[in-house]
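Multiple structures follow.
Consider the two complexes below, in which subunit A is the common component and subunit B and subunit C are the respective partners.
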Partner chain A sequence: MKIAVLVYGSPTASSAAATAYRYARAAIGLGHQITRVFFYGEGVHGASALAAPPQDEVNWGQRWQQLAQEHEIEMIVCIAAALRRGVLNQQEAQRHGKSAANLAAGFELSGLGQLADAALNSDRLITFGG
Partner chain B sequence: MSTPDKQLLVVVGAGPHNATRARDALDLVLTSAAFEIGVGILFRDDAVYQLLPQQQADAIDAKSLAANLQALPLYDVEQLYAPRSALEARGLDPDNLLLPVQLLDDNATAALLHSYGQILSF
Partner chain C sequence: MILHTVNRAPGSHAALQQCIQALSGPAALLLIEDGVYGATPAFTRLFHRLDGTVHCYVLAADLQARGIDALVDGRFQVIDDAAFVQLSLDCDKMVAWY
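Our next item is the complex of A and B:
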């Protein structure tokens, strides 16, 4: 089954990122394909390269990066939600006159059309933190 | 238009100025409509406050959602619903709303949720 995942909840104020990650891994383990993970709302904070949790805690952004690399999963971050919350790639940082960019490698800023497309072209779209 | 199993119901529970949830939901509705996905909205809980006319969002330095909400019919988004109980609990007059929403009793709300192939909650 082709499954897309929507992460709407904050990585620190909710368990959305962690639960979504475990779900994605479990689904892949059962032979399903995770086509795309879309980060929206507070979920976009999970794509910040500047999150520096203590050594003995999990960095969910890094977990997503590894999973995406291993299984060729697109990780799309809603550009409007990200800009509003200070998650910027180099191009957007320049465009908005900001001194730094912080979108982690493996994540891509794009529009809500990618979520609509995921809804249309996947067998399931599963939301975390809605 | 998308096939029945791809019809999308966006369920909104947030009031008009509760962080960005209401706007996030509305943006997704408008985008989905542009992709020709059949999309409906269920305004539940405090989201029914989005339907109050004559709000003055600028008084709290907020952006009004009203213009975007009123544009929904232009995007062919006409499947608009609210549980009657959500309006009654908040003392809102169903005859004085920003949009023509279909009022549902609890059984009809359950049936509505059952009838959509995809549901996203905000």
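Our next item is the complex of A and C:
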């Protein structure tokens, strides 16, 4: 089956990123397809390339990058949620006159239309709240 | 059938109480993350209004992470991540309470 995943929770203040990641891995292990992961609200912090957690903690952004690369999963970050939290790609950094961009490789800024599309074109949309 | 997930501890957040008030069977209720504290005997009374058509589950990894896997009330079935995936596919829709 085709499954889309919605991550609302912050990677530092909630377990949402961890639970969603475990769910996605388990689904892939059972032969299902994760079509898209949509990061929304505080969840967008997981797409920052500048996060540098201590070595004894998990870097969930990197975990998602690896999983997405291995299984060709689209990782979409809500652009409005990202901009207001300081997660910018090169184009948005230039547009807003910022000195640097920090959107990690493998993530893409886009709009809520991508979430609606994921809900319409997947068999299930699974939400992990913050 | 709808799958309801709750990820907040009942002692510090109203998510579980609100979910139970809104629940009607047939439905599945899955406690995850800090929500797994709701599966301990201390909170049994919260579930009394649910009838047999609401099936209650709790996620094994989150119980183990909190050291309470031996304290689960008999109403709950402990499931692993793969069973969580299967449950989410067996249900038509999902509502996340958080």
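One rule holds for everything that comes next: the second predicted complex is superposed on the first by the 129 of 130 C-alpha atoms of A that agree within 3 Å, B and C clash if a C-alpha of one lies under 4 Å from a C-alpha of the other, contacts with A are read in each partner's own complex, and residues count from 1 in each chain.
In the analysis below, contacts are C-beta pairs under 8 Å (C-beta built on N, C-alpha and C of every residue); 3 or more make two chains touch, one makes a residue touch a chain.
Since this is a predicted model, take the numbers as computed values, not measurements.
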(request) Return first, second, both or neither, reflecting whether A:Gln66 touches subunit B, subunit C, both chains, or no partner chain. (result) neither
(message) A:Ala16 in the overlay: touching subunit B, subunit C, both, or neither? Say first, second, both or neither.
(response) second
(message) I want to verify the contact counts: of subunit B and subunit C, which reaches more residues of subunit A?
(response) C
(message) So in the superposed three-chain picture, is A:Gly29 touching just subunit B, just subunit C, both, or none of them (first/second/both/neither)?
(response) second
(message) For A:Gln94 in the superposed arrangement: first (subunit B), second (subunit C), both or neither?
(response) neither
(request) Would you check which partner chain A:Ala116 touches, where first means subunit B only, second means subunit C only, and both and neither mean what they say? (result) first
(message) Between subunit B and subunit C, whom does A:Gly41 touch in the aligned arrangement: first, second, both, or neither?
(response) first
(request) Report for A:Ala81: first if it touches subunit B alone, second if subunit C alone, otherwise both or neither. (result) first
(request) Report for A:Thr127: first if it touches subunit B alone, second if subunit C alone, otherwise both or neither. (result) both
(request) Jot down the residues of subunit A that show up as touching in both complexes, subunit B in one and subunit C in the other. (result) 8, 125, 127, 130
(request) Please give the residue numbers of subunit A that touch subunit C in the complex, ascending. (result) 1, 3, 8-9, 14-16, 19, 22-23, 25-27, 29-30, 32, 123-130
(request) Could you please specify the touching residues of subunit B with respect to subunit A in the complex? (result) 2, 6, 8, 20-21, 24, 27-28, 31-32, 34-35, 37, 118, 120-122
(request) Going by the contact rule at the top, pick out the subunit C residues touching subunit A in the complex. (result) 5, 7, 32-34, 59, 61-62, 80-82, 84-86, 88-89, 94, 96-98
(request) Spell out the residues on subunit A that touch subunit B in their complex, using ranges where they run on. (result) 6, 8, 40-41, 80-81, 84, 111-113, 115-117, 119-120, 125, 127, 130
